[in-house]
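What follows are several structures.
Next, two complexes with chain A in common: one pairs it with chain B, the other with chain C.
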Partner chain A sequence: MNAGVKFLLILIVSLEISFTLNFWVNVAIIIVSGFYLIYSRLSWQRYALLLLLPILPALGAWTSFTMHSTTENGEQLAAIMITRIIAYIWLGAAFSFTTNMSSFLDTLEQKCYIPTTFIYGLRGALSFMPHIRQEIKTMQQAARMRGIILRSYSPQLLFKAILISLQWAERLSTAMISHGFTENEERTHFLTVHINKRDWLFAFCLLFTLQMIYIFS
Partner chain B sequence: MHTKWSLRDVIFLALIGVFFGFIFWAWAFAYNAIAALLTPMGLSPYANDLTLGPWVMAGPMAGYLLRKAGASIIGETLAGTAEMIFGSQWGIMNVVYGLMQGLGAELGFALFGYKKWQPISLTASVILTTVVTFIWDLFQSGYANYSFGLLVGLFVTRLISIALFGGVLVYYVQKLVDKSGILNQTKVTVS
Partner chain C sequence: MLKLTKTSLTYDDTPILKDISIDLPNGSFNLLVGPSGSGKSTLMKVIAGMIPTLADHVTINQQNLAGLPAYKRAGFVGLLFQDPDTQFAMSTPWEEIIFTLENLKVAPSEMTERANYALDFVNGSQFSHQSFDTLSGGEKQKVALAIMVAMQSKVLLLDEPFASIDITSRQEILKQLKKLQMNGVTILVTDHDYSGYADLVDDVFSFNQQHIQKINNLNAFFDQPSQVDYQFKQPQESQSVLKLNQFKLSVGSRTLIDISFFALAHSGITLFSGSNGSGKSTLFNAITRLKPYQGQIMYLNQDISKIKLNTYAKKVALIFQSAEKQFMKMTVSEELALSQKHTQHPNLWTNEAIESALTTLQLNHLKDHIVYQLSGGQKKKLQVLLLLIIGTPVLLLDEPLAGLDSQSIITVLSLIKQTIVETQQRIIIISHQLNGVLDFIDYHIVLQNNMLTFTETST
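After this line comes the complex of A and B, so read on.
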């Protein structure tokens, strides 16, 4: 399925369950996203993570809604909230664990017409992600050599992060421009994104089924 | 104030989002620990509100550094997107959370026509971020069904957390930035 269509579908479904209280809809979403995740063949660590992650929030939702809710039927509400939490996590995983970010950004650029400056700026910044953990460690160790301990809430650490961001942004944008990137200029594409009619149809059918469950449950 | 977005601005914003996201990624552990402690009393939503502050920092910080309409909302949304790509447990909702948190900060600065970048506009952004995210959680996290007393407690907790991180801490970082003068430097423009 095209990344953009998947994103849109998951976003609509997530927003819809945020504003409605329906246990069976949540269960249906959990089942469909569960099947999709199994079909996507993730590593067993990721499956374990997906099973473990909801436990604590679910317990929290159970105790808080059964003890502090204003409705008489706290258990029912708690069940809806617990299934909602699992639905969010699995829906999120159905996107972020299975989607190639680069092709998602391709779709945003070519089909949603987001300005190329944003798309390529984001691509550039994302390529720094692997260095960020190291950079923060470097800052902390450099400070420790002078006997200063920088914690994650120290203004100095955040200030240094801003300085580094500015420096990297300056260098990267200069490098990109000197390699021929022109801001918001029409671009040609090596890989053109095509969204199959089948993808739209599939997404529409899923959404339609979901509305039917709302009506008949 | 100029509103055109250059490539450098976008990269800068996204990097700030990623850095802030990563620095406070450690807070997920604090969040889980607090949530685990409060769960037996049914008070786990307090963990939400207590730890919210760090996550809303990117918005006011970006607004202050770039001084543009839209910087807070775009900065915070980019931070949310980056967090999603990092592999956060909340997936797509990160983008929506980012949008909501950025919206609050943005409204605070918009109230002053993007002309005041002082404690007063920061205060407005803190209050509006609290209100906007709280309204969002009334639906999204089912807060609307909690008793009134718990809601008041949660709101006050959230306000304090956002005031400390999105207000006081941002203010001190801003002072450091001001003192260094990096924002007043003539920018290297390549075009």
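After this line comes the complex of A and C, so read on.
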């Protein structure tokens, strides 16, 4: 499914369940996103994470609604809250664990007309992420050689990190401009993003089914 | 014709450019020389139209650069930066070229051909889909040049493009530049090393004290004494303090070093050379425990992975390629005070000694300056001094001379030499820049074919 359509679908669904209290809608979402996650063939660590992650918040919701609830239907509410938590986590995973960020940004740029400055800022930030850990290690080692121990909570380390990010941002924008990037100017696209009609139809069907469950349950 | 007319620039009350005019005919090859920190990089940025307030002083083929949006400017002038790591926004060469072509609004159907042509031109097709992290400095500079080729800029500005790359890549790139010039591209290069330019250039400009001057007698300029042949000693293994055992170092799937035994870090100054991307910096990173390796590194018969990081950092220190990584304070004098506080040779590094070192390095007038605002060369000189004051028994220097003019190189190396006579420190230097360096060298390690060897010659 196209990343943009998927994003929109997940956004609508998560907004909807935050305003409604319906156990079966939540369960339906859990089943559909669960199937999608299995179909996407993630690593077992990720599956384990998806199973473990909801435990603590679910326990919290259960105890607070059953033990401290002032209404009659505390257990019913607790069941809705727990399924809602799992639904949120799995919905989020159905987007973030399965989506190629680059093609998502392509869609945002070409189909949603989000300003290119924003898109390429994000692209730059994403490419910087993997370097952060090594950068911190290097900063700490460089400081040790000057006789200073920078702990991970030390303000000096934070200062150096901010400095490095600022320089990196400056560098990135100079690099982009020198390669012809012009803010909010139209660009051509090597790969044109096409959204299949099938994707729209599929998304619409899912949303429709969800409304039916909401109405009839 | 590129014309820069009567341009002046002052930054923080410091004049950088004073009434500078320069004319470069189409299809000419020009060299710009001048001491480090003199403002050559700023001048290049001005000519590239990257300083908006001065863009109206630049015209290329009667087109004034003022108000020209970046995507149109790229067709007129391209700037290649000194630091290979600062020029890319995407993660692979191919993506970067496509990004550039998209910016220039090239039709998608033409992109593949134009990108392939540019990559072939610099011989870069084989690494076009590799991440920039795995490319060497020379390979990155080739990609940067390929992008200029893809942009079809009429004027190419190259700011110290060879500062940290090896001789082979340098010669290759120079040859390709000549080819571009033959096709009518105007070229302006800044460089501290004049070798290889005599047969290439039409004009040489010297930039000094905010003024620019065309050099009239090129023969005299290039006629410098040829290099003397150097002979280095073979060190004694027992005198070394670092030993590599069954040592293997790789980046991704590429093996850089694979050696059963090697002893290094002898008293004196060791030059460490090898072509670009061969793994010199990576070895330094392994020795300072910034990069994982296989096998053992021993410091005085102790496995370094068993020494506490804080203790080890007092034994073996590295002068990073990027000086700012090692700055801890704000001003020059604060930095010096910090190093003085942690020095292992307090008797040597008295206030007077530091003062005199500052004077020889021409940093004495900058004590209240913010370290991050110094010029590239000044930062480098300060960083070397700061680590020299600390006085670790072993000091590794990764390209400490990149971007320094020949006078500064001699001053820095003399200071190191004088210091280690007193401190018995062991110095290992990676440097591509050999002019003026060889006089100071005691031993020479070469990294070639994944092997480390001591050689007696300078090449």
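One rule holds in what follows: the second predicted complex is superposed on the first by the 190 of 217 C-alpha atoms of A that agree within 3 Å, B and C clash if a C-alpha of one lies under 4 Å from a C-alpha of the other, contacts with A are read in each partner's own complex, and residues count from 1 in each chain.
We adopt the following convention: contacts are C-beta pairs under 8 Å (C-beta built on N, C-alpha and C of every residue); 3 or more make two chains touch, one makes a residue touch a chain.
Since this is a predicted model, take the numbers as computed values, not measurements.
Once the two complexes are laid over each other on the shared chain, residue contacts for A:Leu157 go to chain B alone; chain C is not touched. After overlaying the two complexes on the shared chain, residue contacts for A:Gln141 are found with chain C alone; chain B is out of touch. By the touch criterion defined above, A:Ile149 reaches chain C but does not reach chain B. Using the contact criterion defined above for the overlaid structures, shared-chain residue A:Gly34 touches neither chain B nor chain C, since it reaches no partner. Looking at the shared chain after the overlay, A:Thr70 reaches chain B, while chain C stays out of its contact range. Considering which of chain B and chain C touches more of chain A, the answer is B.
In the superposition on chain A, A:Arg187 makes contact with chain C only, while chain B stays out of contact range. Looking at the shared chain after the overlay, A:His179 reaches chain C, while chain B stays out of its contact range. After overlaying the two complexes on the shared chain, residue contacts for A:Ser96 are found with chain B alone; chain C is out of touch. Across the two superposed structures, the residue set of chain A contacted by chain B and also by chain C is 120, 124, 156, 163, 172, 174, 176-178, 181.
The touching residues of chain A, when paired with chain B in their complex, are 7, 10-11, 14-15, 18-19, 21, 53, 56-57, 59-61, 63-71, 77, 80-81, 84, 88-89, 91-97, 101, 115, 117-118, 120-122, 124-126, 128-129, 132-133, 136, 152-153, 155-159, 161-166, 168-170, 172-174, 176-178, 181, 183. Put simply, chain A touches chain C in their complex at residues 120, 123-124, 127, 134, 137-139, 141-149, 156, 163, 167, 171-172, 174-182, 185-190, 192. Listed in rising order, the residues of chain B touching chain A in the complex are 5-20, 22-24, 26-27, 32, 35-36, 38-45, 47, 54, 57, 61, 65, 78, 81-82, 84-96, 139-142, 145-148, 150, 165, 169, 172-173, 175-177, 180, 182, 188, 190-191. Remark: chain C residues 48, 50, 69-71, 73-74, 78-79, 81, 86-91, 96, 98-108, 111, 147, 151, 288-290, 309-310, 313-314, 317-318, 320, 324-326, 328, 338-339, 341-342, 372, 386-387, 390, 392 touch chain A in the complex.
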